[in-house]
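There are two complexes below, and they share chain A, which is joined by chain B in the first and by chain C in the second.
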Partner chain A sequence: MKYLPLVWAALWRRRPRTLFTMASIAVAFLLYALLTGVIAAFNAGVEVAGADRLVTTGRYSLTQVLPQGHLQQVRGLESVHSVAGQSWFGGYYQSERNFFPQFPTEIEPYLAMYPEIVLPEAEKQAMLSTRTGALIARTLADRYGFKVGDKIPIIAGIWPLASGSNNWEFDLVGIFDTANPKDRSLYEMMLFHHEYFDEARQFGRGTVGWLVVKVKDPDQSEAVIRQIDALFANSPNETRTATEKAFNQSFVKQLGDIGAMMSSIIGAVFFTLLFLTGNTMMQSVRERIPELAVLKTLGFSDGQVLALVLAESLALCLIAALIGLGLASLLLPPVSAKIPGFSGLTLTGEAFALALGLALALALIVGLPPALRAMRLKIVDALAAH
Partner chain B sequence: MSSALSQISAVTLMNLRAVPSRLGTSMVIVIGIAGVVGVLVALLSMGAGFEATLAGTGQPDRALVLRGGSNDELGSVITRDQAQVIADAPGVARTADGSPRTLAELYLLTDVSKPGSSSPNNVVVRGTRADVGGVRPEFRIVEGRMFAPGVREVVVGRNLAAQFPTLALGGTVEVRDGPWTIVGVFETGDVHESELWVDIEALITASRRQAYNSVMVQLDSVAAFTAFKDALTADPRLTVSVQREPDYYASRSEQLHNLIRYLGYTVAVIMAIGAVFGALNVMYAAVATRSVEIATLRALGFGALPVVVSVLIEALILAAAGGLLGGVIAYLFFNGYTVNTLNFQTFSQVAFDFRVTPALLQQGLIWALVMGLIGGLFPALRAARLPVAEALRAA
Partner chain C sequence: MTEALIQLKGVTKHYTRGKQTVEVLQKLDLTIAQGDFIALMGPSGSGKTTLLNLIGGLDTPSGGELRVGETRLDRMSAGELARWRSRHVGFVFQFYNLLPVLTAERNVELPLLLTSLSAAERMKRVQIALGVVGLGERGKHKPSELSGGQAQRVAIARALVADPTLLVCDEPTGDLDRKTADEVLHLLQVLNRDHGKTIVMVTHDPKAAEFARHTLHLDKGQLVEQAVA
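Up next is the complex of A and B:
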C-alpha cells in the first residue's frame, strides 16, 4: 500500500497520454456493457420463463390455430393446474411503425399464472368486468402517452371485425408493470379479453392461437407435455407442447447468428483496444528506463519493479473500466426505454463482474511484457544508455 | 506560394520517410482504425445484403393483392370469390387462350429444425401452381423436378436448402398432416429462395383452409397498375390493398434493415471515439519524438504551415491504410457470407448474403479519414506551436 503514491505518480507521468488511453478503454467497456445488454434482452425470455408453465401450439407451427375445445380437454387433465388460451392479434396503433404485441387472452387464469406481472387489484377487477377492456405495459403507456380511461384504437393486421372494418377500439382499464424492471421487455404488450375478440372477429371463431398451461408439479413437466400431446395425437389438430423456457429459447435461436455477431464485435473491440493500451504501456516503460534503474539502485528488488509496473497497468485498466461501466449504467435505462422491445435493460451484476474480469485480464496482457522488461533491466546498461 | 508548397512537400516527405522508424506506434493508428472500419462495414454489409434480398424481389409490372389492413401475406385472407373478382379486373395480363395470368396463393409457416437441434424455425410454405413460371418467369428448377399437381411434394428454395441441410432432395419435410417428399430445388434469385413451394390444392386439403392468402397478378404493363388498383379499391365486393410487388418486398425489409443500421452506426461511433483517442496518443508521441527535428526546421526558417501539414498528412495516410485494411478484412471475411434470421415483419426465416458493396467501402474510408483528421489535427497544432528555443535546449 505504501507504494500507492509511487504507482499513482507514474500513472500520471504524462497526463494527456494517460487520459486518452483511459478514454479509449472506457469507451470499449461502455460498448461492452451496451452490447451485453442487447444480448441479455434477446435472452431475457429464457431466463425469466416460469418453470411451472408450458406452451401448447399447433404441431407444425405456432401460427396454426387450435380449436377452443382443446382448452377444456387440457384443463381436464389431473396434472394441470390451469390453462389460459391466447392468440396473436397482429394489429398496430396508428401505423405499422408503432408496433407492439397485442394478445387476446383469457385474462383471469393468465394473470393468476403470471405473478411477475404486477397490476393494482382495482384495475384487475375493472378489467374482469369490462368486456372491451385492455391492459397495457407501463413502458408502452409511457411511450404513447396512454392513460387509464383512454380509448385505444388498434388497426387489425389479421383479424377484421365482423363488419369487415379493421378499426378495433379498446378501453384502457389497467396499466401493469413487472415485479423486476429487467423483465419489462418481455411483457411489453397489450392484453384484452379472448371472449370479446372471439365474438367480434369476422372469421376464425371458436379457435385460439395457443395455450399457456400451468402444471401442478414442475418436476412432472415432461410427463405433462407427453400427456397433452397424446390427447390430440392423430386428430386433425395435433399439438406440440414445450416448457415456456424451451418455447422462448426457440425464438432466440430463430434470430440465428445475431448473437454470434454481437460477440464477434465485442471481440474486435477488445482486440483493437489491446493494441492501443499495450502501446501506451510500452511507451511509458520505455521512457522511464533510467528512473526504473534508479529505483533498482536504491534497492528495489526485481519483483518489486515488476509489481510496480503491473500495478500501474492494473490501475489504468480498472479505473477506465469502471468509468465505462458507470457511463453505461447511466445511459442504458433512458436509451433502452426508447427502443421497442428493449425496455428495462440494465447492467446486471454478472455482466459487471465479467467486465471487471476482462479489465483484469487486459491489464495483465498489456502490463506483463513491459513489466518483465522492467524486471530484467540491468542497472548499468540502463543508466549507461542515457 | 510555390516556396510554401515546396516547404510542405519537403517536410512531409522527410516525415514520411521516418515513419518506418516508429512503425510499432504507427500500427496503433492503422489497427485501431481498421477495427472500427471493419466492424462498421461488416455490420452495414449485413443490413445491405438483407435489404438487397428483399428489395430485389419482384417486378414492377406485377402486383400483389392482400386483404385491406394486412401488412403481410401471413395475416391476409382472400376468399375464392374475391380471387375471381381480382382475376377479372382490368389491367390483368392474359395468356393466349384468354385465361388471366394470376396466382392465388396460400402462405403458411411450418417448423423446420437444423440438424442436431429440435428448435423450430418458421419457414414459409407457399402453396402455388405447378405452372408458376407463367407468372414468375424467374422461377427455375435447378435440381430434381417440379412438384406434381395435387400430390404432397415439395420444392425447396436454393438458399433455404443451403441453410437447412435437413431439407435435402429425396428427404421429407413436415408441412401439414404428416411428411411431404422433397422432389426438387429451385432458384428465383430473390427472397423466395428461402421458401418451400408446394401444390396449392394439396396444401388446401392438408391444411383444411378455405381461403387464399394473396393474389399475385401479372399486369399488361407497368403503367396498367393504377387502373388495376383503382378498379379493385372502388369495387364494393372487396376490401383489399394493392401494391406493386417490389414495393411490398421493400417494405418488409425496412425494420430489420433499420435496426442493423442503427446498431452498426452506434457501435462504430463509440468505437471511433476510442480509436481517435488512440490516434491522438500516437500522433502526440510522434510530435514529441520529432520535437528537436521540428524546432530545427523552424530555426532554419521553415513556416508553421509545412509542419502542421506534414503531421496531418502522416495521420491521414496511416488512417487511410487502416481504413483500407478494415475494408479488405470485412470484404474477405464477410462478403458473400450467408446467414439466416427471423424477419419479424413477416415472422419467417430469410436467408441472405452479406454484401460488402463499393459504396460501403467508400463510406468506411471516409470514416477512416475523418478519424485520422481529428487524431492528427491537435498534435499538428501542438507541433506548430512548439517553442523553438526550448525544444532545442531540451536536446
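Up next is the complex of A and C:
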C-alpha cells in the first residue's frame, strides 16, 4: 500500500494519454459485456429446452408450412403424449419498432407442454373460452402498458385478414410469467388461438408452421423422431423432426454461428487493445528511464522496480475494465428492455470474473516487456544518458 | 587519528566498447576518513564520476579492493548493493533527479519506502529533513513549482532523510547560479560539520571545492594531487 501513491502518480504522468488509453480499454470491456450478454441470450433457449419436447418442421425449411392433418397423424403415435400446431405470425403493435413474437397455437395442449409458463387458472379458462383471446408475457405487458381486458391491435406482417386488412384485434385475457424469472426473455411473446387465426386469415388455411410434440418417454425421443419423419416420408409434405434443443440450436445457427462471430469480434478488439495498451506502457517506461534509474539508485531492487511497472499496468487495465463493466451493467437493463427477447440481458458473475481475468492477462502481457526493461536497466548507463 | 570510512586499494575500472577496452581508473589507492568532505576534481574523462559511482555502490570495480566501513563493496551482488545503498548512502545529482509527478514530500519519502517505518513515522522524518534544508513549507509543491535551488535542497533532503553515513554528490551546483550554488554548498558544509555526514562531491568548480575539507585531483584515472582547504 505504501507504494500506491508512487504507482498512482506514475499512472497519471501523461494525463491525456492515460485517459485515452483507459477509454479504449473501457469501451472494449463494455463491448465484451454487451456481446457476452447477447451470446448468453441466444444460447439460453438452447439451455432451457425441454428434454421431452420435439419440434417437427417442413423437411427443407422452417418457412415450409405443414398440413393440419399431420397433427392428427402424429397424435396417433403410441409414444406421443400430445401435439400442438404453431405458426409464426410476424406482426407488430402500432409501429414496426414495437415488434415482438406472436404465435397462433393450440392453447390447451401448448400450455400443458410448457409448465414453465405460469398463468392463473382463471385467465387460462378465460382464454379457452374466448375465440379472439390472447395471452401475453408479463415483460411485454409491462413494456406496453397492457392489462387484462384491453383490446390489442396487431398489424400483420405476413397474414392479412380475409377482408384484406392487416389490422388484427385481440382481447387480452391473460398475462403469463415464467416459473424461473431468468427464463422471461425466452417467453417474451403473445399467444392466440390457431383456430381463430386459421379461420380469419386470407390464405394458408388448413396449415400450421410447425408441430410441437411431447413424448411420453424422453429416452425414446430418437425413436419417436424417426417414427414421425417416417410417417410423412415420400409425401408432398415431408418433415424434419428434432429435439427442441437441437431445433433451437439450428434456429440460432440459421443466423450464423453467433458465438463464433461474437467471439471473433471480442478477439479482434482485444488483439488491437494489446498493441494500443502495450504501446502506452512502453512509451511510459521509455520516458521514465532516468526516474527509474533514480529509484534504483536510492536502493529499490530490480524486483521492486519490476513490480512497480507491473502494478501500474494492472491499475491501468483493471480500473478501465471496471469502468467498462460498470457502464455495461448500467446500460444493459435499458438496452435489453427495448429489444424483445433480450429482456434478460445481464452481466453474469461468470462473465464478470472472466472479464477481470482478461484484464489481468492484458495487464501482464502489456506490462511485462516494459517492466523487464525497467528491471534490467543499468543505473550508471541510464543516468549517463540523462 | 580519524577512522577511515572509505578505502580503495589498487582499484581499477575498465569498460569494454566493442573490441576496445577503456581503462578509466588505474590501480587507485585512496582513503577517506569518516566525517570528511572531499571535493573530487579533474578534467572531463578523468574518472571522477566513475570513482563516485564505485564509492556510492552504483557500479563495481573491475579489480582491487573497495571497502566502505566494514563492507567490501567489490564482493557484493547487485541486490546486496541496492540494499546497502538504501541504508548507507544519500545521492545528490547535478539535475536534482526528482520525480516530477511527486510532491517534494513524496520525493523525500522515497528512500523511507524501503524501510519498515509507518506512514506517520515516515512523514515525521520527511518534515525534519525538509526543515533541515529550509523547505518545511514547500512539501506540497511539485518540482516544477520550485526554483533550481529549492529543487536541489529537496534532493539533499531526500539524500539525508534515511540518515545515511555517506553523501555522494555529483556536480550538485552545476545547474545553479553562483548565489544559489553557495547556499547549497553551505548547506552541505553544515551537514558535514554539524551532522557528521561524510561527503564526496564531484565538481568542476574551484569555488565549490573551497567548501570541502580536502580536494582530490584525478587525471587519466589516477590521483595526481591532494589539497587541504
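A few remarks follow.
We adopt the following convention: the second predicted complex is superposed on the first by the 273 of 386 C-alpha atoms of A that agree within 3 Å, B and C clash if a C-alpha of one lies under 4 Å from a C-alpha of the other, contacts with A are read in each partner's own complex, and residues count from 1 in each chain.
Quick note on the criterion: a residue touches a chain if its C-beta (ideal position, glycine included) is under 8 Å from a C-beta of that chain, and two chains touch if they have at least 3 such contacts.
Treat the numbers as computed from the prediction; the structure is a model and nothing was measured.
Legend: residue contacts after superposition of the two complexes on their common chain; A:E78 is shown touching neither chain B nor chain C. When the two complexes are overlaid on their common chain A, residue A:E121 makes contact with neither chain B nor chain C.
In the superposed model, B is the one of chain B and chain C that contacts more residues of chain A.
By the document's definition of touching, of the two partners only chain C reaches A:D302; chain B does not.
Applying the stated contact rule after C-alpha superposition, one finds that A:P5 touches chain C and leaves chain B untouched. Contact with chain C, but none with chain B, is seen for A:P290 once the two complexes are overlaid on the shared chain. Residue ranges on chain C touching chain A, taken from their complex, read 53, 56, 58-59, 78-79, 82-83, 85-87, 91, 93, 95, 97, 99-102, 106, 110-111, 113-114, 119, 122, 158. For chain B in complex with chain A, the touching residues are 24-25, 27-28, 31-32, 34-36, 38-39, 43, 46, 67-72, 74-77, 108-111, 117, 119-122, 174-176, 208, 239, 263, 266-267, 270-271, 273-275, 277-278, 280-282, 284-285, 339-342, 347, 349. Chain A contributes residues 2-3, 5-6, 9-10, 12-13, 290-291, 294-302, 379-380, 383, 386 to its touches with chain C in the complex. Residue ranges of chain A in contact with chain B, taken from their complex: 16-17, 20-21, 23-25, 27-28, 30-31, 34-35, 38, 59-63, 90, 92, 96, 155-158, 160, 164, 166, 203, 236, 240, 249-251, 253-258, 261, 265, 268-269, 271-273, 275-276, 279-280, 282-283.
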